[in-house]
Structure formats: structure tokens, C-alpha cells
Amino acid sequence: ALLQEDFGTDEIDGIPDEPFRIVQMIFESGPPAFYGEEAMNASDMLVDRINDEGGLIGEREIEIVDRLDEDAGPDSLISDVQAMAQEGEVDMLMGIVSSAHSLAVAPAANDQQFPFLVTMPGTYQLFEENPDMEYVVRTAGSNAAGAVGAVRMVEQMDDVETVITIDPDYAWGHDHQEMFEAGLEAVGADVEIVESRYPELGETDYSAHVSAIADAEPDLLFSSLWGGDIATFVSQGVDGGMFEAVDQSLLIGDTGAPLLSSLGGSMPENVWLGGRGGYQPNYRYDEDEAHREFVDEYYERYDQLPGWGAYHEWMGFQALQEGVERAVSIIGDWPTGEQLTAAMNNIAFESPHGQHTMYGPQAAAPAVFGRPTDDHDLPVDHPLLGEFEFIEAAEVNPPEDDPTMDWVDELEPVTG
Amino acid sequence: MPIESLLVNTFNGLYFAALLFFASVGLTLVFGILNLLNMAHAAFYGLGAYVAVWTLNNAGDVTTSTVVLLAMLVLVIPLVVFVLSAVLDKTVFAPLYEIEHVYQLLATFGVILMLDDVIKFIWGASPITVDGATDPSRQLGAIDLMGVSVSAYRSFVILIAVACAVGLYLMFVKTKLGKISQAMSEDYEMVQMLGINVNRVRVLIFSISVAIAALGGALFVPFATATPAVTLEYVLLSFAVIVIGGLGSLKGVVVAALVIGMVRSFGIAYFPALELAIVFGLMALVIIFKPEGLFGDEGVVE
Amino acid sequence: MSHQSLLDVDDLTVSIDRATVLEDVSIRVEAGETVALIGRNGAGKTTTFRSVMGQTSIRNGSIRVNGTDLTDRPSRERIRHGVGFAPEDRRLFTTLSVEDNLRMSTWGKADTDEDGFRERRDRVLEIYPEMEAFLDRPAGQLSGGQQKMVTVGRALTSDPDIVLLDEPFEGLAPSVREQFRDGVTRIKDLGISIVVAESNVRHAAEIADRAYVIERGEIVTEIGRDEPITENEEIERIFEGG
Amino acid sequence: MSTRETDSTSTTQNASTEPILRTENVRKEFGNLVAVDGVSLEFYDDEIVGIIGPNGAGKTTYTNLISGALSLTDGTIVFDGDDISDLRKYKRVRRGLVRSFQIPQIYDELTVFENVQSSVLSRKQENNRLFSLTHRDTASIEETERLLEMFNLESHADEHTEHLPHGVRKILDVAMSFALRPKLMVLDEPTSGVGSREKNAVMETITDAAVERNIGLIFIEHDMELIRSYSDRIVALHEGRVLDDDDPAAVMNSEAVNQFILEGGV
Amino acid sequence: MSTRLPTFGDMKAQELKGLLLDKRLLGGGVLFAALALYPGLTMNAYHTRLLAWIMCFAIAALGFNIVLGYTGLLSFGHAAFFGTGMYTVVIAMESAGITDLIVLLVLAMLAAGVVGAVIGALSVKTHEIYFALLTLALAQLLYVLAARDVGGLTRGTDGIGLSRPDFLGIPISEAPAHIYLMGFYYHVILVCLFATIAVLWLVLRSPFGLTLKMIRENETRAEMSGVPILRYRLYSMVLSAMIVGLAGALYAVVVGHVTPEYLDWTMSGEIVFMALLGGIGTFLGPIIGASGFIILQEVALGVTTYWHFTMGLVLFVVVLTLREKGIWGGAKALVDDLNERRDDS
């Protein structure tokens, strides 16, 4: 209703003089800080880039006025949201790595009528638990995409009968495992999850898990471990001969290039890496100019390839730019917070995996998987991914308004 | 249970026990002898890990010789931390010896928070790992142990732990230092009045303890990742070890590290759902049924 | 100062927390003497000893042993300069054996060896023969009186020139008290001077050559060699009825 | 059946001559050291008994067995007609068997008044009263005041106990025990560390109070003068066994006691 | 039967009157009024929320101090009670459909009391660091239960979001956010805080409170005065658990989302931290500590990425210089000192 009137003006009045002020919420300390650091890098780069072109719609610069450390816990985060809403000196909140934090902070921001662009957490429960949040949008794909994408991959694999899952012991890990298991059952795959393991977030010694998995010799290993955890796990797995004992692995934690870089030559080859979104530096690197620019600039600036934290941030800023443009074009004025979030609903914009589409306030990302290969043109001496498999967003995300778990329970097998 | 997996799990258990031993033996010495509950002890384990990654990654320009790299881990890093801790003992920790345990816990928790940020300031918040070229664990590869292939590097770590335990045992049983330590654990002031330079003994024990923790961190890191979370994880684990073993008991640390190492290794392998509960469950059971720990009332060495 | 004493405590003032516990306390002990420091509970005897041992913060005054000024030196130097100490509250190392407790006091001195220790231990056993029976037991398992013997023994095994004994009779059975009285003569024969802190005039009188009387942190009188301690006026005033 | 009846009649008839405490063959071993070796003794609530013995004779151990601080290796302890051998410490206290400590056990951060009042309240088993203010509890306040008066502690009433002189701490410790209105009190070296001047005063206060309140007393002491002047009966222990148990004059003159305990000295 | 449970004693009218004339009571009244009027006068939602947050933790720290400050037991497991309070509220609302605030608070206190009784019964025999680590381990097991969703009530680490409760049948929950949290609920917390203060003030000055102090000061003597010390330690754990549970319950509504993190040992650590920062040797210290901790964290977070360092430094310095006096005791000592000096000159 808000956006129905199209003023159709070219003249835009009322663009505030001061910059568009954003506060970011990311981990600056604790185990997930790795992810936060990437996001921070990308955001610095993107803000510079946008501001070089004059700012949002070329007119209003962006300023990151503050970064709040998620490690302070939800109590503090919620209070800070309240303070920002109260003082009215911040235009938008952006970020959040942890799903658990998103579940606590998003409703609070909405309560305060404070616009919140959620960029990273994947919990499918965000909008299902809290429907009608008018001030919240999420540009990160739901973790359904990764889990259901993995189900689709399994359907295509031959000779997979036994599966072991290993996921971090919190919302992200449990959600993935549950959806993956339910999905497999729904599509009638002839596979059995023989064991599910949940090491703690930040675990440093996986050798007991590794040897148990190696012992069980499953046909497939599924994991949503991410960040430093997946690097440690894979490296200890290589050491313990685990990847020789399992035929295939699907590693769908949000990690990407940093994992391949830290493992270097010892990355096993019989793995699929990927998950929600096509966030790999060499995926459609040549086909998509925007992507190439993003990767090159990031590499130049930080001497490393972007990981998923960086890509998530990129998607966030894309949505912001699109949203502002759209809102302004409709109302002919700088949008209020509510208008801005509304404008970010149901839009689509370019991304490495093609169109990144929002179903309502929630992005629907495709699933992309690839295999490690040395055959790539990027200037790094470690493997990147190749042999990409792409699964469209519509196939790995529930239709708008359908509860994810219900939908997963009723997945149809892919035929042909 | 096939014999191979029995062996592999035992090996894993031993390796984990070795790490726990490194992380906690100093804690028990510092508590047992100097009567300081040093929560920040595990921070030195974390520090050792970071220093080791940094050293190994920078060593690449000079050498990739396995022997030299191992020597760096085993000798150089502990030595550096030894010296550093002697300084810290005189400055940060000196006032803590006088106060009650509760306050020691809190003040040293403050030290953890500070050290944490110092590490973050120097090395950033992202996990860092040892480069392949200078990673002794990759260089050494695997060896055959009764028909099972196990990491040579990890076997080396286990051996170092054993050597360390034996060394400490001899040091605290066979020498004057042992008896003086025992006496200091009971009545610091009285030992002083018997003409013994307790400050020197204190610095020595504190620095040895901390250096062993750093050694553990250094040895641990080629096979894992240095992250800021290591400290917090090992704070709890090392307290669990010394409480299960009995505060202040060297033998207790060895036994408790072995018990936790094995229970965890086999527990995770065969009952993965229990992982989170294993250490705490064990700790609760031991304290409930043997409140002073397995070897709690026997003094430092027996 | 023309004459050098073995122990020379000069104008000592000590406060704990904010209260002044000792004020201008001066004590001298010559070689071969047995001197008593007599005072009621809380008079400041223990504090005086602790000060000589370097365990209080001294506001004023000095402590010299054999001419060396030890006022600001760390505690541990006392024993090297020949001061042995047997605290009132025993303070044995309960998990160590009695023998190790005795041995420990030789380690603070650079020049003592195991043979020297054995010799001195045997001298202690002559004073307290019953100690033989529990030499190997952990000190914490001893009865109160047994511990007291070890405490005094430990002060003697450090090869001191002077020992400070804080209430050495306390908790001893009558027969052992008797032995200890004989022991004092033996200690003196070895050329070791003794200072005893006593709140019991009778005990002090039995062994001391002369005495200082301390009250509320101040030395109120000095009793000379040829004066019988029990008959001193100050003593009678302070210990009237005792 | 019939035995039991005679027993109970005799109990009622000879109430005053029944011992308040009886130990039968009590024994305590520490490893292979026998600290208390079959001690059978009877104590009455109208007498003051001194225990003497060489160092390590087992005196402290024996009293620890009575109070429950140590558990028996063997034997029985009967208090006020009931077998209390396995009773928990605090329950023994509640029945009226109270000990005091060689090193005064008092509450350092409370005032002298509160120290005593806490014992009064514990005796009345009023520890569990939640919603009433102790400083307005007239009943216990009055009783506390009486006790302070009895032990000459009024002048210290509002002082914290931390810096009290040793002798006063000792007395306070005893006063707290009296507040429990015991039937029998056991004191381990009540005057150790107390200067020669105060020794008699402390003993006097204790024994007077005991006589006034009709409380049986057992005390360990090495000072033979005190033993002679304050005890009605003396038990001499030696190597964990009873060497003698008789009135003071007899014990002091006994050959064995002289040989093992006094040995010339007095 | 000698085993008597705590009785609710006989406060006389006269005593009450004496109480009312107390100077400190007057001060408390003024503070209460000021706090009660604050949101309405300033209309600052952030401050109101911050105050609500602080007040919840002040209750928790007060409750915790019964165990540490009065009974002398260092518990590292109080997160168990706080978390139980929180989960009781959500679960009762979501699963049992109970929406009345008062019922919820009472339920939460009871549940926390039961958990306190269980953990207490298992741990009161141990001492010092063993007690600390046993309570930590037991609380951590509760954390595992919640994180693993054993029993299917907690929804694992995702936690559960909760709606707002009603009040005595009045559907307050339908009021908009600012009215609910700022206007109504804030005052509920305020009243609970002052009620806690009043109850504890009374209880800790009762024979019961004196008994706890006896145990803290000298266990041997307490036992030898006929006090069953284990039982009283247990009572103190239960009482403490109930109050901390109340704090948790109140807080659940403030944050609106309950996760197992609130049962984790780091949460226990925070409660300990707060109590000590303020000073466990004083009655009101814990309140000051909770405020100090939360404000310090908020400020440090705002000004530096190295807020861990800042907090660590403050903790270190406060502990070393003030110890059991904490900030509050330290301030009092300073005032006394100044007065003394003024009197001197």
C-alpha cells in the first residue's frame, strides 16, 4: 500500500544533507570473528566504492558510524538497538552473523520500528517465528537452500547408502542436519544417516570424530561446519585418513576461498564445497563483470580472495542500493525507514549466481556446489572450485509463506 | 569393536591427554605450591599457539628442516614464554599471591580478558594456521603402529608429554626443590623464615608452569588452528583436569588427563550425542563421590 | 656504639593495620645468654619476634645481628646470620616427615651439608628423646605437644647462634617440660643464645638469666642477671595473682 | 524381657547416680598406630574431671571421639542414656554434649554480642526463623546479656572479635559453649596460651559457671597445679590406655603416674 | 521432630513502626520514587530499558550474594537458576498457555528453587573451589539438556521467543511495546527489586541470616553450636536460587528470546563478576555491581573494539584494590576516611 503511488518524478527533493548512517553488528571477537572480519573488509571496500560514485543513488553518502561486537551478547545488542531507535541518529542497522542473535535482535528492532538489514544468518525460522516484521529484511539465503541443495546433490550421486553428518552444535548445525535428513526421507532416497555428530563451535580437536568417521566408512559425509572449524576438521581429517575412507563429502558451511587457501595442497579432491549462494571467487568470474570487479578489488585491497562473509555483505549493499533507488523512484522523496525496508521486499539484483531474488523480505538463494581443482586463472597457488553444479533458487527454497519444514517434508524427488 | 579402531581411539585419547596434561599441569603446580588459582593459565596455552604459528610461518624464509622446526616448538617458544612469565610474575601476578582464592579467580579472569585482546591486537581475530611448508606435522607424515597408521607428529607430542611428566616427577620427588615446594604450599612465610629464597622458587615454579602451558599450545597448533577461543576452551578443561585429579597433585593431573582423554575419545567415537556432557558429567561424578579429587589429599607428588 | 651484641634491637616501633603494636622496644642479647621476654597476652612478644624475623613492617628502629644491620633485609637473611626461630603456633609442614621438617631449616644456609644436619639432629634428639619414635611420621599427625618439640628442634637444626623460642613450654607434658629445662643448659653449652617469649613467669624464671618485661608494646622494665625474676615489682604488678 | 524392666526401673530410681557420659572400650586407630586403646570411663554431671597424660597419650583423640570429630574404630559411647556412637556432631551438641576448642573458634567478623547470641539462638533451635530481626529478639538478647555478665565480657560486647586479646577470646569461646546449656562440657587445654596471670581466672570462671549451672566438666590440662586445684577427679592416660582414674590426691601419688607423666617435675 | 522448616516469624507491629522510621528506609523511598518516575519524565526508552536490564541483574546479584556474601560459598552455577527462571516463563507460556505474569513469576521461582535444591543437595558437602566447580559442572549439565533439547521443550540452541504476559487478567500484552516495556513492565521489575531488597534485608538480619553468617565465619564452631550446617547451606542455595530465578523470569520478558546461553557458565561468571564488583561484604553492593558492570560494558563497547581489555583491566584493578569491599564498600570507606580527616583537622 505504501508504495502504490508512483509519483514518477525525476526531481527528487528532500535528500538529507548528512550521510546515510549505518551501524553494523558483527563478531569482532570470539570464534566467529573470522567471519566478521571478512564482512568488515568488504563493507569498507563497498562503502568507499559507493561513496566514490556520490553515494546512494549518486546523491547521499554512506557512513558506517559504529560497529557493535556481537560477542557482547543479545542483551547488549538489544539495548543498543533501543538506544539507536531512541536517539534517531542512525538510519539503519545492518549485519549479524549468528542465527541465534538474529532471532533475538530482529524482533526487537522491529518493535522499535528500526530498519534492520540482516545480511548473514541463515536460520529459516527468522520470518517463520516472527511473521510481519515490517522493518526487517534478510539478504542472506535461508539455510534451507544449502540443506535442500545437498539433498538434490545426493539424489544425483551413485552408490550412496550410508551418510554421516557432522555439524556445529548450535542452531545453524542442527537446522542443517534436520532439514537434510527430512529432505532425504521426503525424496525417498535410499540412504540412511547412520550417525549425526555435533562438535562444539570452536572445537580444536576433531581427531575422535575423524577416526570414528573413518572407521564407519560411510559413503557420504555431510557437514555444515564453517570458518576455522571446517579448516581444522578437514585438515585433521586428511591427517587421519578420513577422506580416503569416505567416498564423497558435501561441505556446505559458509566458507569458500579461505578454506581452500588455508588447506592449500592438502585439500582432498573428493569433496563438494558450496551451499546457499554461488559465493566462490572463480564461479562465473569471467561471465559476470560485476563479480570479477568485486573479486579483483577485494584481492588487491586485502591480498586474499573474498570468503562468504564478504559476499554476504556485498549482497546487503546491493539490496540497499536497489531499495533506495526503487523507493525514491516510487515516492519521489527520500524514504522513511519503513518505506526503505518495504522497498527492499521482492526485489532482485545481480550477483555471482545470477539474479538474487527476494521473496518478500527474504532472499531466495540458489545452491551452488563445486569441486576443488587447480585449474583456474586466479592469481593464487591453491586450488579453487570447478565442475560447478547449480540448483535454482526455486528448487531449494519454499514458496513464499510456506513453512520451511513442512515444505521440506514434502519435497518431491527430482525425476530424470 | 575392531582392534584397529580400538588402537586408533586409544591413540587419539593419549594425544588429547597429552594436550590436557600440558595445559593443566602448571595450573596444579601453581595452585598446589604457590596457592594461586590462576584462571589465566590457559591463556598461555593460547599464547603459545599463536607464537608458534607466527614463528613457524616466518621460519619458512630461513629453513624448512623438520628438526629445526621441532626444536623451535619444543625449546625456543617455551623459553621465550619462560622469560616473559618471569617478568609477569614480578609485575601482574605478584599482588595476587596475597589475596583469597575467589579474588584470585576474578583478577586472573581479568587477565584473560586482557591477554585475549592483546592477541587480537597482534594477530587479529581470525583463526590462523601453520603453512604447509613449515608444518612439521605434515612433514613427518604417518608411521605404522601395530598395523595402524598414525601421525608421527602426534606420537612425538605424546612422547614429549611423557618426558615432561617424568621430568617434573623427578624434579618434585628427588630434589630439595620438591620438598621446599611442598613446604611452601603449606606455609610460605615459614619457609621464608627458614632462610629459603621463596621468591626465587616462586618465579621458577611459576615460569616453568607457564612455559609448559605454552609448550602445549605450541605443540598443539600444527595439528589445529590458533583461535581466540582456544583459551576459554582450555580454561574449563584444565580446571576439570586438576579438580578430577585432585588439586595440587602431579599424579592426579596425569591420571585425570588420561581419564578425560580416553573417555572423551571413546565417548565421541561411540556415543557422539554425549560429547558436550562428557567432561562435565565426569567432573560432577568425581567431585560428588570423591570431593577432594582422585589424589587430592596427598600433596604435590604422591 | 662501643660494644657489639649478638642481637641488638633498637627503638623498634611497629604498627599493624593502623594500631601501633610495638613502641620503642629495645632488646640486647649477648653471646651465651638466655633472656626472657615476659608479658601478658597481647603484650607484643610475638610481634617482637616476628619483627626480628622480618615479618612486620617496621616504622622505626633497627635490628642488628652480630653487627649486621638487617632491618630492611628480607626475612630469609636472618637464618644466614645465625637466628633460629620457633613460632608460638608451631607452623610445621604437616605433610612432610618430622625429619624433613628439621632438615628444611638447613637449606637456607649455603654451608650446611647432610652430615652437619645429622649431627645437629642427634643433638635435638638428646633434648627430646621421644622424638626418635616419630621422626618418620608426617608432622601433621602428631599430637599438640609432639609438634611443639619439633618446632623447637627445627630452630636448633639450622645451626644458629641465637634462637627465638616463642612460648616453648606450651602444651608440653610435665616430664617433657623438665627435659626441656635440661635441654636449655645443653643448648647453652653449644654456645647458642636463647630468647624465650613467655606469658608464664614461672617458666621464664626457671630458665632465663635475665629478662625484659613488655606491656602494651613497650618494655616497662629490665630484670638483671642477679635479680630473681619472680620477685620483681613490675612482674608482681603485672602478674598480680599469677 | 524382665531384664529390660529392671533396667528401666533402675534408671528412674538412680537418675542422679547414672553417669551422663559413658565410654565403653572406645578405640581409635590411625593406620597401625593405636591412639586410643580401649578406654572405658564414666563421667557424671556434677563433677569436674581433669585428664592428664604425656604428649601423644591420646587425650585429644579421646575427646575428639566423644565430640564426634573423629569416628570410632571400635567401642560405644553412651550419653544421657542413649548410644550416640554414630550420631552426627551437631546432634550430639543438641543433646547437651559440647566441646570447646584449644584454639578459640569464634566468628571473627561478628561482635562479641552476636557471637554469644548466635549460640543462644542455636540452642533454642531458632536458626530457621526467617522474618524476625535478631537485634529485636528480646528473649535471646536478655539471655545473651546474662551470659556476658557471667563471663565478664560486657565491656567487649560491641567489639569485633578479631583483635581481642587471647585470654578474652578463650573466655568468649567458653561463653559460647555455655550458651548452649550443655549437660557436659569437654575442654581441650582450656588455658593453653593463656598467660600465667589469667590462667586461674579463666579456670575459675569456667568452673564457677559449671557448678552454678550444674554442668559436668572434662578438661585436658598439662599444668598440674591447675589440675590439682580445679578437678574433683583425675584420669591419667598413657599410650592410649587409662593409667589411673581416682581422686586428685590418689592419682598424684600413684607410682605409675609419677613414673610416666610427672617424672620428678610438677 | 527436630527437623523444622523455616518459619515465618513473629514481627510485631511495634517493630514495623521502628522500621518505618529508619533513615535508610527514607532514602530507599526517595530512590524508589525517582526510579518510578524516571521513564515518564524523560521518555527515554533506551535508558528505561537499560534500567530494566540493570534492575533484573541487580536482583540476580542480590540473590547470588546470599550464597557468596553471607554463607561463604562461591557458586559458579547460578546461571542454572537464572536460566531456569527464563525457561520456565517461556515454556509455561508457549506450552502450557499460562499468560498471567504473577503466576509465571511464582512458577519460575518455584522451578528455580527446585533446581537449587537439587544442585545444592549434591554440592553443599564440598568446599571452596570444589564447590565452585561442582556447581559449574552441574549447571553445565543443565545447559546441555537445554542445548540438546532433551525433553523437547527448549528447541535447542535456537532458543524460544516469547510474547508478553498479561497482568491479573488485564490483557496488558496487547499494549504497544513502549507502553508495555516502558510504562508497565518497568514498574513490575522495580517493585520486584524493592521487594527483594526488603525481604532480604529482613531475612539476613533474622536468626536465619545470622546462622548463614555463622557458617561463613566458622563452620566448625557453627556445627559445634548444634547447627546442621549442610542443611543451612542447602537452604541458602534454595533461597538464592529462587531470587535469581525471579530475576531470570523478569528478564525473559525484557529480552523476549530465551536461549541456552543463559544457562552457560559464562553467565554464572557474569553474576559473580557483578556481585564482586559492587562488593559482597555490603548489602547493597551487588546492586551497584550490576549497574557498574552493565554500564561499563555498554560504555566500553561503544568506545573501543578492545572492550574485553577494558573490562579485564577494571576487574583486575577493582579486585586488587578493593576486594570484598568492591566499589560500594570502597566508596563508603572513602567517605568515612574523609569524614575522619575532617574531624581531625
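General remarks:
Should a chain be cited, it is by its letter among A, B, C, D and E, assigned in written order, with residues numbered from 1 in that chain.
FYI, contacts are C-beta pairs under 8 Å (C-beta built on N, C-alpha and C of every residue); 3 or more make two chains touch, one makes a residue touch a chain.
Source: prediction; values computed, not measured.
Minimum number of contact steps separating chain C from chain E: 2. Common neighbours of chain B and chain C under the contact definition above are absent. Where touching is counted per the definition, chain C and chain D have no chain in common. The chain with its Cα centroid farthest from the Cα centroid of chain B is D. Chain centres here are Cα averages; for chain B and chain E they lie 35 Å apart. Chain centres here are Cα averages; for chain D and chain E they lie 43 Å apart.
Averaging C-alpha coordinates per chain places the centre of chain B 50 Å away from that of chain D.
Rounded to whole angstrom units, the spacing between the C-alpha centres of chain A and chain D is 76.
For chain E, residues touching at least two other chains, in rising order: 147, 308. Annotation for chain C: no residues touch 2 or more other chains. Under the contact definition stated at the top, the residues of chain A that touch 2 or more other chains are 28-29, 169. Checking each pair of chains for touch leaves A-B, A-E, B-C, B-E, C-D, D-E. Listed in rising order, the residues of chain E touching chain B in the complex are 68, 74, 122-123, 125-130, 132-134, 136-138, 140-141, 144, 147-148, 265, 269, 272-273, 276, 306, 308-309, 311-316, 319-320, 323-324.
Residues 27-31, 33-34, 36-37, 169, 195-200, 202-205, 207-209, 211-212, 214-215, 227-228, 231-232, 235-236, 239-241, 262, 264-266 of chain A are the ones that touch chain B when the two sit in their complex. On the chain E side of its complex with chain A, the touching residues are 44-46, 49-50, 53, 147, 156-159, 161, 177, 255-257, 259, 261, 297-298, 301-302, 305, 307-308.
Here chain C touches chain D in the complex through residues 19, 39-42, 88, 130, 134, 141-146, 148-149, 167, 170-178, 199-203, 238-242, going by the rule given at the top. Chain C meets chain B in the complex at residues 53-55, 74-80, 85, 87, 91, 93-96, 100, 103-105, 107-109, 154, 158.
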